[in-house]
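Next come two complexes built around chain A: one with chain B, the other with chain C.
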Partner chain A sequence: MTERSERHDRVFWSSLFSSRQDGIRWWWIAGALIVSAVPLLLAPGQLTTFVLLGLSAMAVVGLSLLMGYAGQVSLGQASFTAIGAYTSGLLALHHTPPLLALLAAPIVAALAAAGVGVPILRLRGHQLAFATLALQLILLSVLGDADWAGGAVGLQGLPYLSIGGFELDADLDYAYLVLAGVLLVSLIAHRLVRSRVGRGLRALATGETAAEASGVPVGAYRLLVFAVSAAFAGLAGGIYSFFLGYLAPGSFPVLLSIEYVVMAVVGGLGSIGGALLGAALITVVVQLLTTLATQPGMPSYAPSVLSYAVYALLLIAVVLFVPKGIVPTLRRSS
Partner chain B sequence: MAELLQYLVTGVGIGCAYALTGSGLVVIYRVTRVVNFAQGSFAVLAALTVTTLLGAGLPHGLAEILAVLVAGLIGLLCGLVATGKPGTTPQTALIVTLGLGVLAYAVEILFWGDQPRSFAGLAGSTGGVQTHYLLIIGVTAVVLAATALLFARTDLGRALTATAADPYAARIVGIDVLRMGLLAFAVGGALGGLAGVLITPVQQVSFDSDVALVVNGFSAAILGNLTRPALTLAGGLLLGVVQALVGGYLSTSYQSEVALIFMLAVLVARAGRRGVLEAA
Partner chain C sequence: MTAVPALLTVTGATRRFGGVHALRDVDLDVAPGETHAVIGPNGAGKSTLFKLIGGQLVATAGTIGYDGQRIDRLAPHRRARRGIAIAFQDSPVFGGMTVTENVMVGAHAVTRAGPVAAVLGLPRHRREEAEIRELAARALDRAGLTAWADRPADALPLGQQRALQVARALCGGPRLLLLDEPASGLRGPERSALAGLIEQLRGEGLSILLVEHDVAFVARLADRVTVLDLGRVIARGTFAEIRTDPAVITAYLGGPP
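Entry: the complex of A and B
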C-alpha cells in the first residue's frame, strides 16, 4: 500500500466517523424518529413485513450505491444475502456466540465479493449482469448439493440472537435491530458518498478515462463499493437467519436479486433515500396486494401473479418514464 | 459405445435449443444492441401455448407452428415496449426486458399455473436414441440455415444487416431503423419460441425455466461476442454435449454449473484481453 493511499484511507475512515453532521438534513433525523415509533403500532403479521422490508432496504442501499455510483448492474446481489445468512446460520449452529456469528455475516460477504470482484468487475453492462446472475445460480446449486449446508432442506433450528444475555425472541426486538441496521447502513453509505471515494466514483461515472487520468484508482474504488454493498446484503442475511430461524437455498432465489434491482431503480439509483423509499414502496404495495389476493374467493395463484405483475409493471414504467427514479426526480422538481 | 453415442445425440439435441435461444439473442443484439433478458420467456410461453392448443384438439405440427408464430408476435410486442419509446438506450432497454421477463411469470402462472408441463413429441426410438432428438436436430439445422439465408440473400435481411452494421448510415439510405429493430425482436421471439417448442417433449417446462434457458443461450452466444451466429451455434452444441457428458459420466448435479463456469471463463478471458477501456 502506498503512502498516498494510506493517507487517503485515514481521511476516508475519519470522515466516516467524524462528528461533523454536514449534509445530514434535519428531516433525516425526524424521519428516523417517526419510523422508530412505527413498530409499536403494528400487528404481529405486519411486524414481520416491517422486518423483511428493513432487510430488503439494507441490501438495496448497497445495490443502489453500486448501480448508481459505480455503474455496475448486479443481478446476483441476493447471493451476498445468502452468504451472510449461511455464515451466521452455520456459525450459530456450531456454537459460536450469536452476536459473533452475526458480525461475521457482513465480513464474509464482503470478502466473498472482494474475491469474485477481482475478475468479475472487469466486465461491464450486460456482461456483468449475466456474470453476477451466473454466480448466484452456481452458489444456489452448490448450497443445494452441500451436505455441510443442509442441502436443499437447508439449516433449521437456529437459536435466537442474544446480546449480552438478552435474548431477542420477539418480532419487536428484531424490528428495532433491523431499524438500527438500516440506520447504520445508510450512515456508512452517506459517509462513503461524501468521502474522497464518493467524489472519485462520481468522476468515474461521468468519464472513466478522465477519472483514471486524474489519478482516481478506478479498479480499487469499484471493488470497494462492490464489497461494501455485499457487506450490507450480508448483514441483512445474518439478521434474516436469526429472525426466521431456518434457511434454505430457496430462500434466496434469483427473483430476490431482481426484486432488489426493482426497488433500487424505482426509488432512484445512487440515492440512499431512494433506496429506502423503493424498498418501502414495493414491499408495502406487494403486501397490500397479497392481503387482497388471499381473501376468500380469490384463486390460489393470485398472490404470486399480482406480485410478479407489480414488480414488472413498476420497473418498466419507472425505467421508461421516470428514468432517474422517484426520489431524485422529486428532489429536482421541488 | 452405444452409451456415448446416446449422450452425444441428446447433448446435441439440448444444445440445439441453446443455439436457437442464443441465435435469438444474437439477432436482436446485432440489430438493436439490446441484450434481451426476456429471451427465455419466449420459449416458455410458446411451449405452454402448445399444451393449450393440443388440449383444444389441434393436431401436432399445426399447434407447434402456431405457438412459434405467437412467440414471434410476443417478441414484437417486447421490442415495442423495450425500444419503441424514442431515446431509449440499450442499457435502459435491458432493464425493461428484465421487467418483461418478470411480467411473463405473472401471465404464465395466471393462464397455466405454476406446475411443470410437457407434451408428447415424436414417439419411438432410433438406434437407442429417442427419435425426437433427431427431429430437434433436423429442424434446428433447417431453421438456422434459413435464417442465415434470410440475412444474406434477401433485401429485408440486407436491411437488417445494414442496421446492425451502422444504424446511422442505414437511416440515411432510407431504412426504418426502428422497424428493423422490431422485426429483429419478432425473429428473435420466434427462434426462442421454437427452442421451447422443440425441447419441451424431452424436458418439462415450468414458468421459471426461462432463467436456465436464457443463461445457457447467453453462454452460447457470448462465445461469438453476441454477434456471430455460427459461433453461437457452435457454442450451443458444445454446451449441450459437455452437459450431457458431465451428466452421464460424472453427476447430474454439476450439469448446470458447466455452462455457467464456461460463460464466466469466456467473459473474463475476453475482458482481460481487451483491456479495461472498451465499454460493453
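Entry: the complex of A and C
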C-alpha cells in the first residue's frame, strides 16, 4: 500500500467517525443492529408485514428523494413497483435465472421512468402529480388486458429466488433480503445527496434559475432522480414477486402510490431516516386498522374506507402540525 | 478602443413580448478585462438584455457571441460551462445549505464527476470533492466570507448574501461575470463593501457586465456605460461622456446635473 493511499484510508476512517457526525452515525449503526434482530422475534404473520414494510421503505426512500430534492410529486410511484415485479416475474417464468430476473427489475423500471420522464417532467406541481397518476392507471389497464402478462389473473407459480445455490424459501430469508435492499438504497441515496450531484439537486429545489446559471443541468438531474426513485421501487417490486410467488395488476393499486406519498411526507421529505420511519409507522397503523376493520360485524368495505380516511387524516395532521415531517422536525429541535 | 476582439458581443438583440418590444436592435460588447455597465430607467429593457445573455430568455432576433462563438441557442448551464457566471438580484441563495455548500454549487461549471462515481465512492469522485472544497474556500476568501463559511446561507444579512452570490459565481472560475443590480436594497456601508469587492475583481482582470440602477455605483466602477431607454440604446461611452449627453439627461437623470 502506498503512503498516499494509507493517508487516504486514515482520512476516510476518521471521517467515518468524525466528531460532528458521530451522533447520527451511531444512531444509524445502533438502529441497523436492532432492526436486524427483529425478524428473529416475529411470528410468521408478522414476518410478512415486516417484509412488506421493508419493500415500501425502499420505494419511499426513492420517492422522498424525488419529492424532497427534485421537488417533483409522483402519485404513480407504484407503477414502477409493478414494472419491477412484472419484469422479474416474466423473466423468471421464461427460465431466466431468478437472480438475473431480480437484477433486471430496477433497470427496466429506471429505463421506463427515463422514457416517460422526458415528456412528463416538463410539467410542474399538481399537473405532474396527475400525469404520474394517469400513467399508473394506464399501466394497470394495459396489464389487466395483456395476455402475455396473464391479464387480470396475473402471473402465478414463480420460482423461489436463489442466490449462489441457496434457495430463499422461507419468510425469514426474505426478511433479511429486504433488509439488505433497504440498506442498499439508503446508502445509494445518502451518497448521491452528499455528492456534487446532490448539491446541484438541493440547489435547484430552492433556486432553479440560479442553479442552472451555476452550471447545474436542471433537466438532466430531474430525470436522474426520477429514474433512481423508479429503480428503488422496481427493486422492491422484484423482491415482492419472488416473495409472494404470484402477481396481479390488483397488487399495485393507486392506493399503494398514495401510501408511499403519505409515508414520505409523514417521515419528512428529503430525509432517508424519515422515509424509513414513515414507512414503518404507516405500515403498523394500517396493520392495526386492518385488524380492526376485519372484525366480525364490520362491513366488507370497512378496510379500504378506513385506510383512505386514515391516510387523509394523517396527511392533514402532518401538514398542519409538523409540515417538515417527523424526522427533520426532531433533528432541528435537538 | 484597441483591436483586441471583444469577449462578449451582442448584435441587434431584439425581444418582443406579444406586440411589445422590450428590447429593440441593441448592440453591446464587453472587452476582455473591461467593466461595462448597462443603465436606464425602469422598463428600459435592462433585465431583458441580462436574461438574453444569461440564457433565461431567448431573443426574438439578433445574435450573442462569446469568445468568438455564438451562444444564443445554448441552455443556461452550457453558457456557465463556457465561463459566464451570473449573480442575480432577486434570486435567493440556496436555502437549507451552508455558505460553503452554496459556493460549491458554483463549481458545477468546471467539474464533471457523475452520480455513479459518487455512489461507488470512486477515487475520481473523492479527488474532485477535495478540489471543489478548495475552489470554494478560495472563492469565499476572495469575497471576504471566510468567517461565515459554516453558517446557514439563508441566515446571512442581505449584503453578505449578495457577496455570496458573487462568491458562487467566482467558484466556477468565470471569464465573464454578469451582475444584476448588485447594489439594490443595500445600505451605505454594505453598498461600498460590495463596490470594493467588484473593484478588486476588476483589478484582477475579470470582465464584468454590470446592470445597475445606482448612478454613483456605476460612476465608481464602470469603464464604459451603455444607456438604454424604452428598449433602445440611447447613448454609450465613458461615464463622463454619457452624463453630459442630452438624451440621457432627459430620459434618465431627469434634468441637468
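Rule of thumb we're sticking to: the second predicted complex is superposed on the first by the 297 of 334 C-alpha atoms of A that agree within 3 Å, B and C clash if a C-alpha of one lies under 4 Å from a C-alpha of the other, contacts with A are read in each partner's own complex, and residues count from 1 in each chain.
Note that a residue touches a chain if its C-beta (ideal position, glycine included) is under 8 Å from a C-beta of that chain, and two chains touch if they have at least 3 such contacts.
Keep in mind the model is a prediction, meaning the values are calculated, not measured.
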(request) Would you check which partner chain A:141 touches, where first means chain B only, second means chain C only, and both and neither mean what they say? (result) first
(request) Identify the partner contact of A:196: answer first if only chain B is touched, second if only chain C is, both if each is, neither if none is. (result) second
(request) Would you mind checking which one, chain B or chain C, touches more residues on chain A? (result) B
(message) One more residue to check, A:308. First (chain B), second (chain C), both or neither?
(response) first
(request) Once the structures are superposed on A, label A:184 by its partner contacts, choosing first (chain B), second (chain C), both or neither. (result) neither
(request) Pick one for A:29: touches chain B only (first), chain C only (second), both, or neither. (result) neither
(request) Go through the superposed model and pick first if A:153 touches only chain B, second if only chain C, both, or neither. (result) neither
(message) For A:209, using the defined touch cut-off, is the partner it touches chain B, chain C, both, or neither? Pick first, second, both or neither.
(response) both
(request) Could you list which residues of chain A make contact with chain B in one structure and with chain C in the other? (result) 209, 218
(request) Report the residues of chain B in contact with chain A in the complex, numbered from low to high. (result) 35, 81, 85, 88, 91-92, 94-96, 98-103, 105-106, 109-110, 113-114, 211, 215, 218, 222, 253, 256-257, 260-261, 263-264, 267-268, 271-272, 276-277, 279-280
(request) In the complex, go through chain C and note every residue touching chain A. (result) 54-56, 75-77, 79-81, 85-86, 88, 91-97, 101-102, 104-111, 113-115, 118-119, 121, 125-126, 128-129, 132, 165, 168-169, 172
(request) Mind listing the chain A positions that touch chain C in their complex? (result) 8, 188, 191-192, 194-200, 202-203, 206-207, 209-218, 224, 228
(message) Looking at the complex, which residues from chain A come into contact with chain B?
(response) 73, 75, 119-120, 122-127, 129-131, 133-135, 137-138, 141-142, 144-145, 208-209, 218-219, 254-255, 258, 261-262, 265, 301, 304-306, 308-309, 311-313, 315-316, 319-320, 323
